[in-house]
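The following blocks contain the structures, represented as structure tokens.
Look at the two complexes coming up: subunit A is in both, with subunit B in one and subunit C in the other.
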Partner chain A sequence: MRPTANRRSTARRRAGRAGQYLALLCYLVFLAFPLLWLLSTAFKPPRELATLHPTWLPEHPTWDNFRQAFDEQPLLRAAANSLLAAGGAALIAVVLATPMAYVMARRRSLLTRAATGWVVVSQAFPFVLVIIPLFLVLKRLHLINSVPGLVLVYVTWSLPFALWMLTGYVRAVPAELEEAAAVDGAGRLRTLVSVIAPLLAPGIVATALFAFITAWNEFFFALVLLKSPEKQTMPVVLTHFLGDEGVADLGPLAAASLLATLPSLVLFSVIQRRITGGMLAGAVKN
Partner chain B sequence: MPRSPATAPPAAARRSEAGAWFLVLPALIPILVLSVGPLLYGIALAFTDAQSGRTEPTQWIGTLNFQDLRHDTLFWESFRIGLLWAVGVTVPQFLLSLGLALLLNQDLRFRWAARVLAIVPWAMPEVVVGIMWRLVYHPDAGILNEALGTERDWLGSLGTALPAVIVVGIWAGMPQTTVALLAGLQNVPRELHEAAEMDGAGPWRRFRTVTWPAIRPVALAISALGFIWNVNAFALVYVLTNGGPGGRTRLPMLFAYEEAFRYGQFGYAAAMGCVMVAVVSLLLAVFLVGRLKGDDA
Partner chain C sequence: MPRRSLLAGALAASVAAALPGCSAPRRRAADGSVTLRFQSLAWQQESIAVNRRLVKEWNAAHPKIRVEYVQGAWDGVHDQLLTSFEGGEAPDIIHDASDDLADFAYGGFLADLSGLLPRPLKDDIPDHSWQTTTFGDGVFGVPFLQEPRVIMANRTLLERARLRLPTAEAPWSWTEFEAAAERLTGDGRYGVAWPLKEPVSATLNLSLSTGGQVFHRGADGKAEVRFDAPDQEVPRVIHDQVNTARTAARSTLGMGGSDTLPGFFGGRYAMVPLGFSFRQQILQQAPEDFAWTVLPAPAGPGRDQRQGVSPQTLSIAEDCPFKEEAVAFLDFLLRPRNMVRLALGDWMLPTGRAALADPALRTKRHGWATGTALARHLRPAPAQSVRGYPEWKDKIATPAFQEYYSGAIGGGALRRKLVRDGNLVLARYQR
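And now, the complex of A and B:
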């Protein structure tokens, strides 16, 4: 309660409120406008798409674009490839990163400091500098044009961030619990598996899902490494809808784009709070 | 188990040292083999004439690639565009996100809608973001021309292509920045604000003396990361314009990608990558020094 609220300051306050709502409205329009247009386009029949004066909403909404999208491009196979690449990468990355994150969180040594530095540095280098050598190496191993090859790349690509997030989660587990286990005679690995891991489980799941989402959405590595159409992942297949000269079939393009977004959107909304928490813990501490 | 207290600590310490390595190696080996290794290999390639599909062996050519790069006007043009893009996205994005975060930190109705909307672009594949905005910018069937009453080919005209692409970059990265800043704002103690208000400090004063110092670390971290991500951006612009029209949106990554995987000039493209790394590291160093200085003050 403000003791000296006179009429003028109340009026100013009300004007401030109105300004805030106006600003919020502008933001909402800016953020929502392209999303609504994507939705609208996905449900428009061809006749409404070919017009010079498009309408905001489809007048005769239809599912045809979705069916046509499946006819035009091998979407199911692309989704299966994406699922394999992203799921494999997420699983392996978390299994590899959890023990190291545990060590990084619990002891301060040259190694852990170097690892933390690496997490930061790895965000900075351009992928070209990594993908050319990887391309050459994977080619020699006959892993070009193969989803397992892509999994390998995605694992290393998601390891820094997985380490970053998991280290934060481990720090949140009280060290006393481990000491108690050590007193009971449990070794380091035993302690990790039977004491820490269960407490970390939600954090591990969040990290795995985040690794899954980033791999599901990834484009550059997939574009370079996967040449034959039957191996390609969802984002790469989507670009085929654009056609050579950008003359695209807009309806199916929009429909397929929506389908490609759905999995990561659902997973992301599940873990959203944990990610922002984990990301921030890492960002501020480093 | 009986253990003698005199000998236990060293043995346990030794065991735990070995144990620590055992736990670190599963992640460390792939990092070294698939990330550090290729990075060093990539730097080495920049000093060779490596090309794809060539039969004669690759030769060391010293700094020849870098000398060629110095005279490659197309590359420097792309470099200039890359910087324009990175600054053009990062700065407005930060300011817009800060504004939104400040709004969302207020007790406003409908702010949940903005919170939901701030999540969706984050979860979308960049390719889909690019496709979506192509639909918005489409000269005939796009909603932007209809909404503004114009008849422009936004992505296809020399003058509007880069600004149009920058707007998409801002839109796509706003969620991360907003959410990070919002989380920072929520750590600002309310009492501080109230105390400052009692002392008669206006909104701007309160922001400068209370809010900004509290969110400064988050703000610096997220804008530095954003800048680096933007310098290395690829997918969004690949889908929107593929570098066109007339190279107006050809970011360095697009240039290097074409050089490497369309023309097979691995060594030359690696040299481009090296230049990009050098510039980003330099900017980061300047930023970190500034940050340390700022912390002293």
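And now, the complex of A and C:
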């Protein structure tokens, strides 16, 4: 290739890459905007919140919103309850969904097809219809107004989708590995635990994350099922900063909301590497 | 809210039938003391503090009747209470708004307080306030706080325009209000901003001043929607301000009250009709040199200043095993002195006459005097006891008013939608 053509090609490539980075940057800014705005709002005094020309950075940053939020509402207790409910739900959902997904992915029968159909259909039910039977069951089990009761609800709610997700991950694991394990004398349970589960790790983590975040953000079930103030979860407590007709105590609400986003962010940042690493490992094995 | 009616129907049909005999656990301790759960919807810092302090004072003075303060939330309160009632888990003392009580009262979930309330409390609150919590023959809540709609105005702009500042004794007529908005419009500024994200209650409540009622009861007690000349006057003013005179900002039609405040502080809007309690937000958020004032809402013919309100209420659950004790707590909470403290905490008006007369609420500072002067003109919101109103509001009236105010439809189409489609909705509730 002639040097001029070579230079042109390199310049084109560089321009293309710069365009990609620019697009990525725009996308990141778009994604990060709500969070950055929330961060900025949480540190703004009331007078800076209601101005026609809002600034990105607080002109007079203050901790007052956080102080007020903590003074008015039991945020730490609510976060602990949310953590318990969401963590418990995520754990139970993946423990239950993993073997179920394995069966659904590996055993093709009328029953598994029906189960798959049911999983899809169950996602279409609105909360208000589901809550009635759930309320009845929990009442009979004396689990109204209890975090374990809420965990049960969240598991019920997230299980179908968790199952759906994990079935896809199981299908991506080559069946030849199981055959090899069988040749080596491993039973079905051993194969699942020692061969399939490690390969499924990224999928399990992603599913757990989904179940966790769904439960962490859930408001309606928590509002209806938990009566005692000491059992309320974060989304319910956040609504205590809202008045009638949507009027809000914006500063403390932003401060409390910022705290509410932290566990998800931390979890994502910790787990992200695990998911990526796991995926690459799977690719190499395949 | 469609979810509300769906949930109400579904729960009433199935949960109640499936859970016979489930009731709240009795909470009388071995020493004879009882514990009552009080779910409060107070949400502002000062208001929460006052409520908690009052509960603390009560508990200190009444060790045998302990009250547990439970923080509730306005968001989703109807659904939360409904499931609580159905499951026998309702709080003993319930804070809500009077326009949310009808379904609970007719559903038998709330205790009839008419024979339980002490005479001084009964007499202190005017009859028209009691009407907001009276359903059938029973009284199902104590109305204790209310807020009129007032006009928050930029004092500097009004003085510069040499406008007569209206008072509760000499309010503007709707025509004067239109003229004032015109005088205040110009230089990129609108005379008025109507935050009408929820246009129905604002329109209906203000329309009382022009004789508008919208809901009319027939001899058989059934409610019927009409939209006659007195009902049309206030909507016409708003429509004309937005679409003809251009003295009202079109962009604020979809806003909530708080959303208009930056424009108000920035001088983009000279006047904003808002609830009385918004003063607290203005005080907290306005620039320090911002001069503002509270004006009464415009009056109708004959200086009619009536407007509808849905007071905040305190009720007692029918399931509560200690109703007399709960009433004793209500009586304490709503003593004139305490009612004043609650009103100050919420920046609202008390319903009680004695509390209203308190000097703390008669001060000119922050517009308190204007509000207290309006108190005698406050009436039950027109839709107060109409069954099916929430559905009419959500499915028919809200979109119809939004279309009308934005100029998408005219007065004739608005009337057709509200009346013809609206009565079909109400008919389903009144068979």
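By our rule, the second predicted complex is superposed on the first by the 206 of 286 C-alpha atoms of A that agree within 3 Å, B and C clash if a C-alpha of one lies under 4 Å from a C-alpha of the other, contacts with A are read in each partner's own complex, and residues count from 1 in each chain.
Just so we're on the same page, a residue touches a chain if its C-beta (ideal position, glycine included) is under 8 Å from a C-beta of that chain, and two chains touch if they have at least 3 such contacts.
Treat the numbers as computed from the prediction; the structure is a model and nothing was measured.
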First, second, both or neither for A:49, with subunit B first and subunit C second: both
Chain touching more of subunit A, residue-wise (subunit B, subunit C): B
Which of subunit B and subunit C A:239 touches, first, second, both or neither: both
First, second, both or neither for A:249, with subunit B first and subunit C second: second
First (subunit B), second (subunit C), both or neither touched by A:228: second
Touching partner for A:156 - first (subunit B), second (subunit C), both, neither: first
Subunit B versus subunit C as contact partner of A:220, first or second or both or neither: both
Subunit B versus subunit C as contact partner of A:145, first or second or both or neither: second
Partner chain(s) touched by A:68 [first = subunit B, second = subunit C, both, neither]: second
Partner chain(s) touched by A:185 [first = subunit B, second = subunit C, both, neither]: first
Where subunit A meets both subunit C and subunit B, residue numbers: 49-54, 128-129, 131-132, 135-136, 219-220, 223-224, 239, 241-242, 246, 248, 250
Partner subunit A, residues of subunit B touching it in the complex: 1, 15-16, 19-20, 22-24, 26-28, 30-31, 34-39, 41-43, 45, 50, 96, 99-100, 103, 106, 108, 110-111, 113-114, 117-128, 131-136, 138, 140-143, 146, 171, 174, 179-180, 183-184, 217-218, 221-222, 225, 228-229, 231-232, 234-235, 238-239, 252-253, 256-257, 260-261, 266, 269-270, 272-274, 276-277, 280-281, 284
Residue numbers on subunit A that touch subunit C, as the complex places them: 46-47, 49-54, 68, 71-73, 128-129, 131-132, 135-136, 139, 144-145, 219-220, 223-225, 227-229, 232, 236-237, 239-250, 252
For the subunit C and subunit A complex, residues of the former touching the latter: 3, 6-7, 10-11, 14-15, 18-19, 22, 37, 41, 43-45, 48, 69-71, 73-76, 79-80, 83-84, 86-87, 89, 91, 97, 197-198, 256-258, 261-263, 265-266, 268, 275, 277-278, 281, 284-288
Residues on subunit A engaged by subunit B in the complex (per definition of touch): 20-21, 23-24, 27-28, 30-35, 37-38, 40-41, 49-54, 56, 95-97, 99-100, 102-103, 107, 109, 111, 115, 118, 122-137, 152-153, 155-157, 159-160, 163, 185, 187-189, 192, 213, 216-217, 219-220, 223-224, 234-235, 238-239, 241-242, 246, 248, 250, 253-254, 257, 260-261, 264-265, 267-269, 272, 276-277, 279-280, 283-284, 286
